[in-house]
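One structure, as structure tokens, below. Some questions next.
Per-chain numbering from 1; labels A, B, C and D assigned in written order.
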Amino acid sequence: MQKITLESLVEKAVSLLENGTVTSVLGWKKGEFDYDITPAVFESADELKKDFVWNDFCGANFSKYLVSKTCKSEGKILVFLKPCDTYSFNQLLTEHRFDREKVYAVGIPCEGMADINKVKEVVGDGISKIESNGDDLVVTTIYEDAPVKVTCKDVLAERCVNCKSKRHVAYDELLGEEGEVIASERFDEVERLEKMTPEERFAFWQNELSKCIRCNACRDVCPACTCEKCVFDNPNSGVENKAASNSFEEKMFHIIRAFHVAGRCTDCGECSRVCPQNIPLHLLNRKFIKDINEFYGEYQAGAEVGLRAPLVDYTLEDLEPGEVFDRRDNNA
Amino acid sequence: MRKCLVEDINSVLAQINKAAKVYLPVDGTDGKARFEEWAEGKEWSNALNTERSAKDFFFPQTENLMEFKTEGKNIEIIDIRSDKDDFVIFGVRGCDVRSFDILDRVFLVEPIDSFYKARREHGIIISVACGRPSETCFCGAFGIDASNPAGDVTVWRTKEAVYWQSNTDKGEELLKKVEGLTDCDEAAVEEEKAKIKKIMDKLPLANLSTEDFGAGKTMELFDSDKWKDLSESCLGCGTCTFVCPTCQCYDIKEFNAGKGVVRFRCWDSCMYSDFTQMSAGQPRLSQLERFRQRFMHKLVYYPERNDGIYGCVGCGRCLAKCPISMNIVKVMKSLGGKDNE
Amino acid sequence: MQRIGVFVCWCGSNIAATVDVQAVAQALKNEPGVVFSTDYQYMCSQAGQDMIKEAVAEHNLTGIVVCSCSPRMHEATFRKTAAAAGLNPYMVEIANIREQCSWVHKDIPTGTEKAIILGKAAVAKVNLNTPLTPGESPVTKRALVIGGGIAGIQTALDIADAGFPVDIVETKPTIGGKMAQLDKTFPTLDCAACILTPKMVDVAQNDKIRIFSYSEVEEVSGFVGNFDVKIKKRARYVKEDLCTGCGACVEKCPMKKVPNEFNLGMDNRPAIYIPFAQAVPKVATIDPNACNMLKNGKCGLCARVCTAGAIDYTQKDEIIEEKYGAIVVATGFNPISMDKFDEFAYSQSKDVITSLEFERLTNAAGPTAGKLVRPSDGEHPHTIVFVQCVGSRCENCAEKGKEYCSKICCMYTAKHAMLVRDKYPDIETYVFYIDVRTPGKNFDEFYRRAVEEYGVKYVKGMVGKVSPEGKKLKVQASDLLNNKQLNIDADLVVLAAAIEPDKSARPLATMLTASMDTNDFFTEAHPKLRPVESPTAGVFLSGACQGPKDIPETVSQAGAAASKVIGLLAKDKLTGNPCIASSDENMCNGCSSCERVCPYGAITYVDKEFRMPDRTTKVRRVAQVNPAVCQGCGACTVACPSGAMDLRGFASNQIIAEVDAICK
Amino acid sequence: MQIKEYKPLIVAFCCNWCSYAGADLAGNNRLNYPAEVKIIRVPCSCRVNPMFILRAFQRGADGVIICGCHPGDCHYTSGNYYTRRRMALLFSMLDFLGIERERTRVEWVSAAEGAKFATTMNDFVEKVASLGENKRLEDLRCKR
């Protein structure tokens, strides 16, 4: 259950539109069901009142849209940012990817977003209605007469279970209460994999990555993937491919993508959210984040604008590549 | 009509597998169903549908077409086509069965796609009726009867028993080879059909209308100002295309392995900015145009050329999978005027 | 499609003994793009080169692969050959089948197989080579010398002599550096001032040389031939152009108790001062930390006595911006602090001094007017102990001293002991040493004279402890040659302190993007072949900033650095290395990753308007590489996620083609 | 039928200023190392893109080694420091995916270390050979 109300967001958006601060609003738009929410640009109070939505399924991170939206529009655009979105926002600014002057950022608190797949694991298919009620979601299906109660906490998206921060690191205005950076257990799963034998790890990833259909959703949604042309789309890059022909190409795509966003990935978790094959892609990024923290000191991409990413930095005393495994073996 | 007990399904599949290799939906580590080769211990999934559609069997994501061997400056062309064995796809839902008809109308008309044809001829389809459809299902809008799907064999699963009905000679041939199926009357199946039909009527998308689409609607829909809003937040990824059972676009590419070259085809997506890239560029420059193409093709261009049959089967995969939850239903409701309000 | 010629060299039997060169030539003939392939005994010989030229003409070759020795050996040779044949020199690739093949593998089948693969990789690369032309940039014909010691002075004079303007930036109020503080110089014993001060005057009088004394380099940008430098001229509260150096102010200044840094604090100076009589520029400077007028506005005496009206209490630091074509670093050295060497009682007794203090103590212009006395009581010393290697060659005491040998101490200690014995034969002198190192012209003779003619007592061994006892200094030491302990009652102990680079060197190196070793000495571009150049183009090294040096060595390096600068400034234009990075603006998204890894600051950004495929236009920030600055390392190419940044001559597709050819 | 002895294929990226010269020195001193090592010259170890490494594995390399100047000695002052970070992270990631960690290595070899170059290569080839063929990062199309 979100603490900030839909009404207060709409009210804020309408007032900013009406007083001329912004000319458009980037927000969530109502879908067919209560969980299929689409990012949309609203330009009038009527549109906002009719279609704007804010509930436990508003997961989409709007930061990346600013790259194209600020480029097109003349006026300012209002964007609602959840705490995790603000990290992407800062990282994009660090990389000069959009015009800050054209954005009015409103930070909104977030209690964590629900994963519809997890809801369906409990209630099954055939959902006709989902309502929020305190700490619960009340789900009505076409198969049961009585609605089913599901505790929000039990159906949180993975990235929200392991939320790293409820603090906003960027905004022009904050609605609701500011939260704190959280000592999350987000690296536990990476650690679990690290403790496996190489054979087990290989089998794990072989199974996961073989599901990949190379739809590029992970890349296209990723706020760190804002290349004008991706190397995997560029016939001159030597690695271009449309579909993964075999297990090598599956790995190649995901290794290189993770490497390209290493040190820049804020761990927003969008890649895993959108993966139509449920591949835990965030684990690759988190592996890099964990290694960076361990090798070069704690680093959170997007914590501030202008931070120097670890891969474009060095110290004279850096760990040698050969020492990486010695260190891990000793820790184990 | 034949039947077996639910607990005997594995032994029946084992027998079918003796006749031809069987593929069936199996739950993976993520709890989602995908088609896998049958083997002892693999359980038929209870999931409504597979994550990827069944089109993979006839139109796989990548398929090698031919090879070239290079030795110095000499090139030798190698035909890699070989004889295929029959195989059985078990547990295909009605929507996916219809998708094969749609693909056939593309690949099996002149010039016939011999790769597709070879796979299609060897495939035996055992469909299954949908006992528990999802809110994302809308096959009914395209005239598909989920309670009585097509295919060489149709299967109904109730709590106790699995019912088998052959629809084609191919299907009858297959069922004849299976011992342990007993003959039965159709009462139980009729009851199941009626039950499913009732559920279908209750589905949230049961009343989705195709009235405003189909042949001849190009001029009316092409310039609609609604495309802008609809395509606004499209990421341009290929999720909808690749999970779609009817999308049939592919690209032909070559892989230079050093000593030789493999020419292969792979799925392509009209959502991609380099789709149908030509030396002069590509015809659809904006995401709006690309987005419009996909839906106009499914709802207008395809039926125009194929006796009014729509290029969508209502399987609902794109509804579940689109990263931004934009999909054909929202497009139909937005463009479709009053009927879909 | 290229038309490639392959030339396989036998290198006599060097290659041919382990590689079947004919088989290699034959195998490569079938590679795509190859239209001609041959082998020859010595490809680098005139006959071999002529063969290449003829083949280029006869077969219309567009690219050349030479399978031969290392490209580090003859790549330049074959590039010249290609140029002479009318090809772009960068259309040549070398397959290293000698150093990396025939010389390391034993049998012919192995060597031949590998040579063919290396040849294929080179062919694959040439197929993707493009002609490259080096870029050009203009040269600002002015040099900057940072540091006004003997190194900087000599460099500046030599550059000015060749007709180019030079600026010297010196942090002290006067040029002259350490040499100005010395008494006599080894091994000739001529007085330092006698040979240095005329040079200082030359500098002052040379109209090509400007001196920015009491100044620091604040900021450096730009690149070889085009440096932009900001120099901070600190306020000395005296107008340089008006001050005549008469010294009236110095005499009248009531604040006379400021430790005199020129005499290493062994006497005092006034708040307004001229470091020494021959200072250049001979201009007074007010010490703002000591001057009452500046501190609390109470005094103003100097202004009243200055007839020239040069005193200006309101003077501010001034920033001077100037363009230079070349920069010479001559920041010199300092003795290390003796704080950590308590065993020698340096901080406890005034009679334990460093060698540089000893120089001032024996200098006629020093605090005692040249009379050697004990600093504590002004009495004549009878026994002097010199301790060598204090803080030098400290293998196990890196936290106290330095691991390296300071090089100059053996000679100046011999000089000190000799001078003492010469002037005061009654004084006993002991020198404790680890080794006596005297390699240099007339150096060993000098040392032997000290021992043999002057009776300086050299003892091999280290001093363990010096303890003040009454008026004496108890020196406990070991005599390693005679294997006994020595106890000496000394009147004066002189420590030969290790020398270290000046503290200003490290921040300066950062500004210049010049590299340093772990001891903060500047690194030379090559220790043997380019000893006076830093790896950063256009930055040169003079004197002890590069490593410990005596005066003759410093002067010769200063001259060498000057000649390198002259060589650079004599050019109107610089031609760069064509193998540099370049960014494909259509793909660049302006993320700044490349800029952050560039060690040379070669990448800048511009906003540019692009026509998008959907017919709209969009202004984007894109990276541009300055071809004169880029050195071609390629760090940016990997930092760039989109692959917009590529390296000419080592392009991604070329390296990938090599990988493919090797792994085929 | 003769069974071909398994010999690993090693791609060595060597920086022009130190390691390539070190390899030359190994040659000058006639220090043997296996012919399976094939050197690609790059201006600096920081030119080595992870894509090149994966490409080598795809095309059938069994091991990839990157050699550069010792930290602090880079001809370009800082190139190898970037290499050090990039490769530490990349190799750790490959290990995370279950690729044998012995197949990748970074070694600093100066122009004076001909002997180190040869011993490094001997050791690396031996380690990779003991792993056998690269199966986990192979592309079967390149095998024929």
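Here, contacts are C-beta pairs under 8 Å (C-beta built on N, C-alpha and C of every residue); 3 or more make two chains touch, one makes a residue touch a chain.
Remember, predicted model here, so these are calculated numbers, not experimental data.
S.K.: Work out per-chain C-alpha centres and flag the one nearest the whole-protein C-alpha centre.
M.R.: Minimum centroid-to-centroid distance belongs to D.
S.K.: Report the inter-centroid distance (CA atoms only) between subunit A and subunit D in whole Å.
M.R.: 36
S.K.: Could you please state the distance in Å, as a whole number, between where the Cα atoms of subunit A are centred and where those of subunit B are centred?
M.R.: 30
S.K.: For subunit B and subunit C, what's the span in angstrom between their mean Cα positions?
M.R.: Those two chain centres are 71 Å apart.
S.K.: Could you tell me the distance, in whole angstrom, between the mean C-alpha positions of subunit B and subunit D?
M.R.: That gives a centre separation of 46 Å.
S.K.: Would you pick out the residues of subunit D that each touch at least 2 other chains?
M.R.: 50-51, 55, 59, 72, 78, 82, 86, 139, 141-142, in rising order.
S.K.: Specify, in ascending order, the residues of subunit C that touch 2 or more different other chains.
M.R.: 597, 639, 652, 656, 660, 663-664
S.K.: For subunit B, give me the residues that contact two or more of the other chains.
M.R.: Those would be 255, 258-259, 273.
S.K.: Could you draw the chains as nodes, link the ones that touch, and say if you get a line, ring, star, complete or other?
M.R.: Per interface graph, the chains form a complete graph.
S.K.: Quick check: in the complex, which residue numbers of subunit A touch subunit C?
M.R.: Touch list, subunit A to subunit C: 71-72, 94-97, 226-231, 234, 236-238, 260-261, 308-309, 311-313.
S.K.: Which bits of subunit B are touching subunit D when the two form their complex?
M.R.: 255, 257-260, 262
S.K.: Taking the touch rule as given, give the residues of subunit B at its contact with subunit A in the complex, in rising order.
M.R.: Residue positions touching the partner: 28-32, 34, 48, 51-52, 61-62, 132-136, 199, 202-205, 229, 232-233, 235-239, 241-243, 251, 253, 255, 264, 266-269, 272-274, 319, 321, 323-327, 329-330, 333.
S.K.: Along subunit D, where are the residues that touch subunit C in the complex?
M.R.: Contacts found on subunit D: 9, 11, 16, 20-21, 23-28, 30-33, 35, 38-44, 46-52, 55-56, 59-61, 72, 74-79, 82, 86, 118, 142.
S.K.: Mind listing the subunit C positions that touch subunit D in their complex?
M.R.: 70-73, 96, 98-101, 103-106, 110-111, 113-114, 117-118, 121, 513, 515, 517-518, 535-536, 579, 597, 599-600, 631-635, 637-639, 647, 650, 652, 655-656, 658-660, 662-664
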